[in-house]
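In the two complexes below, chain A is the common chain; its partner is chain B in one and chain C in the other.
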Partner chain A sequence: MAKEKKKTSQVVKYNKWGYIFLIPFIVVYLVFQMIPLFSTIYNSLFENYRQGLTQIGPNWVGLANFQKIFAGTGNDSMPTYFLNTMIMWIAGFVPQILLSLLLGAWFSDTRLRVKAAGFFKTVIYMPNLIMASAFAMLFFSLFSDAGPINSMLIQMGIISQPFKFLSHTVSARSLVAFMNCLMWFGNTTILLMAGMMGIDNSLFEAAQVDGATSTQVFFRITLPLLKPILIYVMITSLIGGLQMFDVPQILTNGEGNPMRTTMTMIMKLNKYLFSKDFGMAGAMSVILFIITGVLSVIVYKFSTKETDY
Partner chain B sequence: MKKKLLSALLSVAMVSALLVGCGDTAAAPEAAPAATEATDDAAAPADDAAADDTTAAPAGNWVSSDDGKTLNIYCWNEEFKSRLTDHYPGYTEVDATHGTIGDVNVVWNITPSDDNAYQNNLDETLLGQMDAAADDKIDLFLLEADYALKYVDTEYTIPVSELGVTDADVADQYQYTKDVVTDSNGALKGVSWQGCPGVLIYNRAAATEVLGADDAETVQAAVKDWDTFKATAAKMKDAGYKMTATSNDAFRVFSNNVTSKWVENGAINIDANIKAWVDMSKEMVDAGETGTADLWSDDWSAGFYPEGKVFCYFGPAWLINFCMAADDAASIAAQGGWGATEGPQGFFWGGTWICGANGTDNASLVADIMKQLTCNPDIMTEIVKADDDFVNNKPAMDAMAVDASYSSNVYGGINPLPMYCAGVEKIDLSNLSNYDQGCNESFQAAMKEYFEGNATYEEALDLFYTSVTEKYPELTY
Partner chain C sequence: MPSEEYNSVEGGFGIVARRVIAYIVLIIITVLCLFWFYLLIVNSTRSHAELSRGFTLLPSGSLYKNFDNVIHGTQPILRGMLNSFIVAGCCALFSTYFSAMTAYAIHVYDFKLKKAIFTFILAVMMIPTQVTALGFIKLIGNLRLDDSFLPLIIPSIAAPATFYYMKQYMESALPHAIVEAARIDGSPEFRTFNEISLPIMKPAIAVQLIFTFVTNWNNYFTPALVLHSENKKTLPILIAALRSADFLKFDMGQVYVTIALSIFPVVIVYLFLSRYIVTGVAVGSVKG
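Moving on to the complex of A and B:
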């Protein structure tokens, strides 16, 4: 009896160590996530900006900041900025995930035995190592009116006048999407590959023995078993996409040209910081937080609904 | 037991290391909610945040004194530093950011102006000026015209007369350089050692080809007002030249000649001359006589070379001396292929003003720097010869203008100063506002959409209003 009691107390003591080792995370989370989160929500209820060198506020204004944000019309409205962000994210994410799935399947396929896989994995990850701002600057120069892409197209006789890539909605958005895709497909490939290599090889072998084609193997075995990783990739990319900022900011000089059709929500938020308008920026952040939360829940619910495998 | 001790030790070490590291950071966010709590009950925030809440004039206890041992200078590039190093008597350089004048240490605080970083840094330091230790107070800082009033029209700058720089001292300076830094009560708050009158810089080859001659008189006759300018643009277009590289080239000329301010009584106001720029530019862009690229972009500077096929640029002395690729043998500047004439209207571009910060503990030294660099004709003539600056001293410049020994290679060996001297007299800057920088930038960006056909004028104007009210929430339209 006495022995047993001692045993349980031992367990409790080990639990205690577990909690102690969790302290760093909890403290960091509280200080750097929780407190800023609540102070942002709190700050969004005040009028608080700087007029030249004169501080205005903070004055309590309730939900007026939110009203102001939703009162915007035309190209300067919350739904437009949200749509801009989503369009550019989806346009980049769809090709990115397809490319990553294909590459991941090739690299992890034991029958294919891709040579120098390590080299290719490194190369496709490379674009991610370049700073987004440097990458955007590079594209800005490449696609400028007198840039190499335009002179190439003119010399090949495809166009006669330089095409202003950044002055047309479709081309400007496509550029942003393309850059995001290029920057992140390597990262996604590595993640998906890890997921694919985690799948029990005997399943693939069994399928081969049963005479399944590669396509069947991919759609009937790889994809369903990859679901948890896919959901993870999907949600992290969604959150990253909603927070899209650096690429379009640098590419369009912070203006979201043309006519703010490439201005994302964070770029709009950034606009408020010129006058240190913490009230409006706070309100914007709260809206962004809610959107991110809702979308993440939707994605999670949808993709975990059926568990038929 | 040993194991337990070890793990206890480890976790204590870990947690304490964590807390030590976070000591400062943890305190800061804690303080913020505490400070804001007090405002909960009322609209008026009366708490310890009031320190940086200097809504109005800092009180009169801002005594400027003379006993300081450190002179803190805030600026955005090396230009002023090199002027002080080369021309101020008694300045000794210690290292890249330090120097001495007598027994006073000079500390340079250089923040580039990209992305507003210079102003952000200056704002924070000025707002903390009253509580700063004597050696940390800003003594002297530099300003540009576009945002000068933001600082000049506050108590953070001292009138130069209080420092000991008299009206007689600045009598030879060009009037526009004084207009820029005169506050709403008429007090002069800063001085500049340079003037930046602009001229129309034209491509001689294009002038010969299209206008038949490349002398200044012929070209001036072809650009004497905006209607003639436009007519010439059409001729240039037929000959394969763009009149200007981009529509923004001419913006400064129009915006320097407005008859009303960007903001009147808290409302955004579009001056008739600004509208005239829009109309002219739209027609010229549609006709292919100019482009829509931004200033300083590759598409803009392509015209520095013959194959860029641009007829003219609007610019001051420093543009042609330092920015038009004169050191590249293939450029027009290196071949002496530019000419200059007054152009349709007078304007200025650039220039740096010196302001004394309220609360300085080196008042007489600040005054002496101002006097030596901006009022002493000997030093200023020295600056012209050594640095190719156009200095802010009317008699000195008028004398140089008739000096046959002074000439400029980029202009093919002529003395361009008479033109600059004529232009500088015409600059009228009585219509500056605190909001010029933001308004000018936003307006050009918004109108680009109109010129490129992405928006109607009204839509572009809405975009401009949106953009300005983001920057200045207090404005209406």
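Moving on to the complex of A and C:
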């Protein structure tokens, strides 16, 4: 009996180390994430900005900042920035997911046996590791009015005058979407491929014995079984898309040209932060926090459900 | 061979045609991925005068001259590379070591708040850092840590995504029996973690070192808010400064070399380790 008691206390003694090992994470998280989060929410309820040389506030204004951020005039309001972000995200995500599904299906197809798959995977994943701001600067230089792309198109006789890519809404947004697609389709392909490899091979074999074509196998077996991973990829990409910043910021020098049609929510937040308009920055952050929070709950539901089976 | 039997079901021609299409598409995509980097290399080797003359796919001989101009130019690019290296390197070390420690606490020990803390970390994993940026700069202002590397490095200790990866890896690679055996041999808990568990975690640590390094090397948003003095700026901030400068006055050869200096260190490391990195992405995604 005494021995038993001693053993229990030994285990308890060990288990206190669980708390000790957690100290660095918890302390740093509380200080650098939790306190800033509450401080951000608190700041969103105050009027606090600079007008010329005079500091206005901080004065308690309740939810007035939120009203202001939603009201905005013309192109200068939260809904517009949200819409801009979403348009550019969707324009990049749709080709990205289609391309990834196609490539994933090819790489994991045992009958197709793509040679040099390692080489192709290396190539398509590479843009994901590139510094987004440098990549955007590269695209800005390449697509500038006197840049190589314009001179190439002129030399080929496709256009006679330089096309101002960044002065048209459609081309500016398309450039951002294209860069996002290029940077992320490799990552998505690898995620989807991991999911496709996880599907029980006997299902494919049974379908083949029954004479199903590759197209049928893809739409009837692969796609339905991939649904959880597809949803996971979509929502995590959406959360990433809401944080879209580096590419449009550098490409348009933080202006979101033309006419703020490429201005994303984080770019606006960045503008508020640099102009020290803390009330509005707080309101913008809280809105972003709520949106990502809701999306995170969905991701969390999906990933825990998956672990169960 | 069963596979040949299946081939005959669909017909030999079908699979050959599909293979041809697959290769053509893959080659187009490869070109689309590499074209920009090729243009970057070519343009880095051309002088400003050559660049303004038009487009070509052939490199020229001004790489060294451009590089020399960048080093002696107005922007402290080499200093920026060093700063980026210091910040990214420290973040990588701190983040992986302490995430492994956090994961170890959850994986090995059994305590009352374990489940609650684990759930909490997973729940906050997706919250973007930008959301707390306002409070963050106010905090470091109060702590007088403004314009310093510390507020960029220390927060990397609490990295929920790295923690989650480590936890996943431990579940498959670190059996409790090893820890028990070390205890019986009289090894203190902290030493068991450092000298027995960490070596077992080597593959996961390597993957996370690379990923955290790259993420922080590329990070623009937070450093731009924290760092102000010229000799502390990291590469992405210098790139942004290059963008907002009067572009027409710039030597384009220098611009391309600056971009190349930001991009190619990561690309070179990637080309050596690509196999492990690509596998690492896949492992991280597959749920436990």
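To be clear about the criterion, the second predicted complex is superposed on the first by the 245 of 309 C-alpha atoms of A that agree within 3 Å, B and C clash if a C-alpha of one lies under 4 Å from a C-alpha of the other, contacts with A are read in each partner's own complex, and residues count from 1 in each chain.
The rule is simple: contacts are C-beta pairs under 8 Å (C-beta built on N, C-alpha and C of every residue); 3 or more make two chains touch, one makes a residue touch a chain.
Treat the numbers as computed from the prediction; the structure is a model and nothing was measured.
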| item | value |
| --- | --- |
| First (chain B), second (chain C), both or neither touched by A:98 | neither |
| Touching partner for A:137 - first (chain B), second (chain C), both, neither | second |
| Partner chain(s) touched by A:25 [first = chain B, second = chain C, both, neither] | second |
| Which of chain B and chain C A:294 touches, first, second, both or neither | neither |
| Chain B versus chain C as contact partner of A:246, first or second or both or neither | second |
| First (chain B), second (chain C), both or neither touched by A:277 | first |
| First, second, both or neither for A:39, with chain B first and chain C second | both |
| First, second, both or neither for A:170, with chain B first and chain C second | neither |
| First, second, both or neither for A:15, with chain B first and chain C second | second |
| Chain A: partner with more touched residues, chain B or chain C | C |
| Intersection of the chain A residues that touch chain B with those that touch chain C | 17, 20-21, 24, 28, 31-32, 35-36, 38-39, 43, 141, 144, 146, 253, 274 |
| Sites on chain B touched by chain A in the complex | 7, 11, 14-15, 18-19, 22, 25-26, 29-30, 32-33, 36, 39, 43-45, 49, 52-56, 116, 123, 126-127, 150-151, 153-154, 156, 291-294, 297-299, 302, 434, 438, 445, 448-449, 452, 454-455, 459, 462-463, 466-467, 470-474 |
| Residue ranges of chain A touching chain B (in the complex, touch as defined) | 17, 20-21, 23-24, 27-28, 31-32, 35-36, 38-39, 42-43, 46, 49-60, 72, 74-76, 141, 144-147, 164, 167-169, 253, 255, 257-260, 271-272, 274-275, 277, 280 |
| Residue ranges of chain C touching chain A (in the complex, touch as defined) | 2-3, 6-7, 9-10, 15, 18-19, 22-23, 25-26, 29-30, 32-34, 36, 39-40, 43, 51-52, 54-55, 98-99, 101-102, 104-106, 108-111, 113-114, 117, 121-128, 130-139, 151, 154-155, 157-158, 163, 183, 189-190, 193, 214, 217-218, 220-221, 224-225, 235-236, 239-240, 242-244, 247, 252, 255-256, 259, 262-263, 266-267, 270-271, 274-275, 277-278, 281-283, 285-288 |
| Chain A to chain C touching residues, read off their complex | 11, 14-22, 24-26, 28-29, 31-33, 35-40, 43, 99, 102-103, 106, 110-114, 118, 120-127, 129-135, 137-142, 144, 146, 148-149, 151-152, 155, 182, 186-187, 190-191, 193-195, 198, 205, 208-209, 211, 213-214, 229, 236, 239, 242-243, 245-246, 249-250, 253-254, 266, 269-270, 273-274, 278, 281-282, 285, 288-289, 292-293, 295-297, 299-300, 303, 306-307 |
